[in-house]
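What follows is a pair of complexes built around chain A, which joins chain B in one and chain C in the other.
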Partner chain A sequence: MDSIWYKILGAVVSFIVAFIVGMTYMGLSRKITARVQNRKGPPFYQNFIDAMKLYSKSTAIHHGLMQHFGPAFIMVSSIMTLMIVPVLNDGKWFPNLNFDGDLIFLLYIMVFGPLGMALGAGQTGNPNSAIGVTRGLSQMVGFEIPWVMALVALMMQFKTTSIIDLMEVQAQSGTWLMFSSPFAFIAAVLAMLGMFRYSPFDIVGAPTELASGPVSENGGKYLFTLMSSGAVFAFAKLTLYVDLFMGGADNLIVLLLKTFAIYLIPMLYGVVSPRYRTEQAIRYFWGWPTFFGLLAILHAVFF
Partner chain B sequence: MDMIYLVFLIFLSGAVISWLAGKVNHVLQDILFLASVIVPSVLFYMNVSVGQEVHFKAGGIDLSWGITDFGWIFSLIVLGLGVLAAIYSVGFMKGKERRGYFYFNYVLSIMSMLGILFSKDFVSFFIFWEIMTWSSYLMVIYNGKHTQSIGIKYFIFSAIGAYAMLMAIVISHSVTGNFMIADLITAYPVLSFNLQVLIPVLLLTGFGVKTAIMPLHVWAPGAYSNSPMAFTSVFSGALSKMGVYGLSIVMLSMISHLPEGFWFREVLAWMGAVTAATGTLWAIKQDDAKKLLAYSSVAQLGYIVTGIAIGTELSILAGLFLAVMHAIFKSTLFMAVGAIERQTGTTNFTEVTGLIRKMPWTFLASLMSIIALAGIPPLGGFVGKWMLYESLITSDHYMLIILVFFSSTAAFLYCYKFLFGFFLGQEEKEWAHVKEAPVLMVIPMLVLAGLSFVLGTFPGLLLKPIDAGMQALGFAPTNQHLWDTSILFNSWGNQVALQPILYAILAIFVVFTIFLTIKGYKNTRYVTTKDISSSGEVPKEHENLTFSVNFFQPFLRAVEPVMRRQIDKYYNGFANGLEALFDFTRKIYTGNGQTYAIYVILFLIIMLLMKNNIFG
Partner chain C sequence: MINDKNSQKIVDIIQNWARKQSIWVLAYGTGCGAIEIPPTMTSRYDAERLGVRGAATPRQADVLLITGYLTTKTLKRVIRVYEQMQDPKYVIGFGSCTINGGMYYDSYNTIKVLDKYLPVDVYINGCMPRPESVLSGFGKLQELIADGKANGAQKYKDNLDWYRANQKRIIPNWVMPDYNW
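This part shows the complex of A and B:
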């Protein structure tokens, strides 16, 4: 059962799972945000309806090859991230490529898509897109620092750069890294606020300010691809956090519970926060999150 | 006659002949120029083997030339890049003035770099080093612009480096009694501690200038951006690597024998990382592509220095791999800037936009090189970055890795600025006439870009000679336990397999491109960049919506406290202090004969008054 076709089948299945779960989470977040703001809100399956609508629309115009490839680039990044992250603990059901890469590779493949997408957004010539991209890249420099600090702390502590080894460590010791390396967890979670781009860090899309930023010239299939890529990417990132800090998951139900718990953090933080300006957002990550990152490294080195 | 002499003879005579041939015929001149770079390169790879040596006496000093495995890696950069950039130069220099001057200095600088790699004694090393400095200095002032501010700055720093090196050579002669480099290396472990520190510091000052490490980097942005782009690709790609070559030898065969060498390496590694971070931040700020790439070169060399300074097997592999990769992608980018400068007449991001449909091949080459520069898989830059990070983690440099990571993430900003500024954004009528650069300029760019693609998946092709070079410096073989043809390992046993990654990326990309293209691209029509939804209004033809001024202002606001300090200001302060001192001396030496007469009289009076005390 170790054939290449089996692996490809597994990859397709995990892609579909990621798509469905990610879309549902996005729908739930719309619902929850609405309830917090005392609105009724759309049903949780609204995103599926939106996606189907976008898919069935026919596109009339394009802005050139880079813009045409942009969504494909970002899809590469999302799916590659998903392939590197082990979905379930035993790895039997979702035999991804995860043995071929490690955390450093993961850090880099995660920026492959946004950069490709940025090129596509650039070719449309819409100034809002370019402004959104510069903000996104700037914010990325911000949150990567605490995020890398957290990862470096974990890698130093357990002398490995592989995600699977870190999961193994948790399985053997019986505790989650969330508790045994609390500072790394805090730094990583604070960095995640920027990664998910909910308010107050929604400076890239910036509704009512930048007219949805980089995606503004995309419609129809392009927007459908971007949307599904966002869903898959969100699922991959959540699963990564669960794998790294919460001991992974033995079955899908546990995985859903854990990922949703993590997902609530940036969402609920965002519901009650107004948007930052770009430099405020960057400086935010270089304040307390970096401090916790430093603590995490000190903790990893001296304990 | 030995083949080694022939190689250098062809270079030397080719330099002169291709200068003089300009008086006869321009086409002949181009052909002779190409021949004088390509023929010796081919001869070198066909007929000169590693370990072959020639000895001769000049002025009573024993000189010896020959190439080692370690020098052979750098010969790949020098000659490979030299040949490709020479082809590019022919296209670039077409219709320009003073081609003979350019060709002469170009061939000379290639020859001197090869000579540095061949030198086994300090005398020929120093002579070739000076030829390299001189020929590059003449290139820096090729335009005749800024000869005072930029040319002199480059020259002063080169001179400081050269004097430091000369001093080290003299000291080493007094220790060993001859000028052989190998003798110094053998004698090094038994020297007194003071000399053990002094000699490397002096040598590293010399090499550090060419490598442009902080605080010796201030000449680089000006010199890189002021020389003609065809040469800058060699200048930043190969010439700066000569500093890396020397630095590696000093670090690996001298400092590693020093018990206290740990601190030495740490300091140098930190200097490299700080160079990388500040260089990156300054690159983000630039609006001129040449300046941007120049600062980026400074930053990239910082990574290389860090890698070599750390001194573990993996980090040296990383440093040398990055050195070759940097030669590949940065020279491509400088070539692209040269092509754009030639076609549009400017290299300023705020002036030229939307070239992607006019110069598609230049864009493709730039895109590949930018991806390699940013270190994104599956291109070659990733391999170097991966090895660098893994070596930093496995050798417990936890703060250093944060700094290095910061600078390479911030590098995405200027990467995007480069691509967006030139190729993307609004297409303006002003640039509607622009055509793709000549074939002679495009082909070298595409070859180099293709190379960075191949090395991204099969780094073993390059790691093999690097490994041989490291073995020549006394390291154990690293094949199989740190790298294989397309798999990389770290010392904890973790790995990244590059082939499955490439295939997965290609498969996903193709699937979704097909998904988007079916009933998509064919049925849709291209609309111009004016046909966009900007708040529900369609912009008019004359409205300029290009976003390129203050591109990363919010980011620069966030890092403003760091950028306030400039090393340049300290140097200028020092220079101003010196000038004040000279002004003061000028008050004494007024140049007026009457004043000097008074001095003489005053002196005599003092002598008379003091005569009892003096002659007592």
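This part shows the complex of A and C:
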């Protein structure tokens, strides 16, 4: 069971599952958006067709070395995040690489991908990319603060920096952390709105305004890489939220139900909201989410 | 096995199916025809259910939609955009102006026949073409892609000298990068 081959197999299987689930969720979000707008909408598997088409396109764009590395960086970051996050309780099926202090490592590695992409986008020399990168980094400064505050509150409350330990705590006490430390949950969910970059916070991609921002010079196979890394990263983030606040999942069905319930929050909020400007987005994140993050830390210290 | 003709045929069928089901459109709003694109995309006609979707930049797009008349000034930009797009790429000529000049048949600063400057795969007739005819034009393009007959880009590469000569006749100060694919 503990052999290296078993771990490699687990990594490959969890990557495939993450890819399929993430792509299906993105397709479902397109469908639900269409239904909200009183349209029929594309089929839920439309994203797979798009991915196949993008992969079969030729890619004859060269702006320099970093431009080719950018999508690779973001893919590496997504896969590393996925490897750290335990998919199921008790390490059943998908044994991932957990260790003490992985919550702190996660905070760093989740920022690594966008930074690599920023380097790659910078080299294309496209002004839209440059504006998109500056907007993305500003937004990241915005939502990282409540997100880090929520995680620090959890770490202080339970005196651990390991995701597995936090899941253990929930399994032993029988209540989800969502209820036992509610302020951290609220701060983390409000930060998630920015992390997913759906509609009021889609200031990075900003279709029709920035021409898709940092990815505007990436077509064909690069866009395929970015799309699949987005799907994997979405699945990893949703699983992390389920692990931290909703007690993890015992099997895949429960995991899908819980992750989709979490996924509906940024998606439905996005469907009915117009886009913020950059300074409005940052002001939003440094307002109520940070307030709830502070409350969470006070709650962790005094209770 | 990999270079076998029959296996390549199977790959082509699958790829053409994917290309047909997922058409990302760069709606280059050259003329008045651009006003028919929003109704085609939004709730009433909903082109997204056919997989037709707007693309933000030429790098990501499959179809270049020339919506209406092309002035000699915009022709240069359209050529630049078309050559930045990645293979396979298609062009849809939209409205009568792209076919024979339409109501601008005697104008001094619009081009009359788009096919002399860019390889057009599908024409949509009308002035204006309604969203229904736009959708039927996309349907025609899907048929052509599925049959592997939408090879305008290949035609452009093969007859590049002829197209370049026509383009340079319209554009006197030609300062554009040379693409050699």
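Some observations on this one:
Following the convention adopted for this analysis, the second predicted complex is superposed on the first by the 301 of 303 C-alpha atoms of A that agree within 3 Å, B and C clash if a C-alpha of one lies under 4 Å from a C-alpha of the other, contacts with A are read in each partner's own complex, and residues count from 1 in each chain.
Just so we're on the same page, a contact is a pair of C-beta atoms (placed from the backbone, for glycine too) under 8 Å apart; a residue touches a chain by one contact, two chains touch by 3 or more.
Note that the structure is predicted; figures quoted are calculated from it, not measured.
In the superposed model, A:Ser58 makes contact with both chain B and chain C. Of the two partner chains placed by superposition, only chain B is touched by A:Ile282; chain C is not. Once chain A of one complex is fitted onto chain A of the other, the partner contacts of A:Val301 are limited to chain B, with no touch recorded for chain C. After overlaying the two complexes on the shared chain, residue contacts for A:Ile32 are found with neither chain B nor chain C. Chain A has more of its residues touched by B than by the other of chain B and chain C. Of the two partner chains, chain B is the only one that A:Pro127 touches; chain C does not reach it. Of the two partner chains placed by the overlay, only chain C lies in contact with A:Lys40; chain B stays clear of it.
Within the superposed three-chain model, A:Glu217 lies in touch with chain B and with chain C [touch as defined at top]. Shared contact residues of chain A, touching chain B in one structure and chain C in the other: 58-61, 128, 211, 216-217. By the touch criterion given at the top, residues 354, 356-357, 367, 371, 374-377, 382, 385-386, 389-390, 393, 396, 398-399, 401-402, 405-406, 409-410, 412-413, 415-416, 419-420, 423-427, 490, 492, 494-497, 500-501, 504-505, 508-509, 512-513, 515-517, 519-521, 523-535, 545-547, 551-552, 554-555, 557-558 of chain B touch chain A in their complex. Against chain A, in their complex, chain C makes its touches with residues 14-15, 18-19, 21-22, 42-43, 46, 48-49, 51, 53-54, 56-57, 59-62, 85-88, 181. Only residues 30, 34, 37-42, 46, 49-50, 52-53, 56-61, 128, 207-208, 210-212, 215-220, 223 of chain A touch chain C when the two sit together in their complex.
If you check the complex, the residues on chain A that touch chain B are 58-64, 66, 68-69, 71-73, 75-76, 79-80, 83, 97, 99-102, 104-105, 108-109, 111-112, 115, 118-119, 122-128, 130-131, 133-135, 137-138, 140-142, 144-145, 148-149, 152-153, 155-156, 159-162, 165, 211, 216-217, 221-222, 225, 277-279, 282-283, 286, 293, 297, 300-301.
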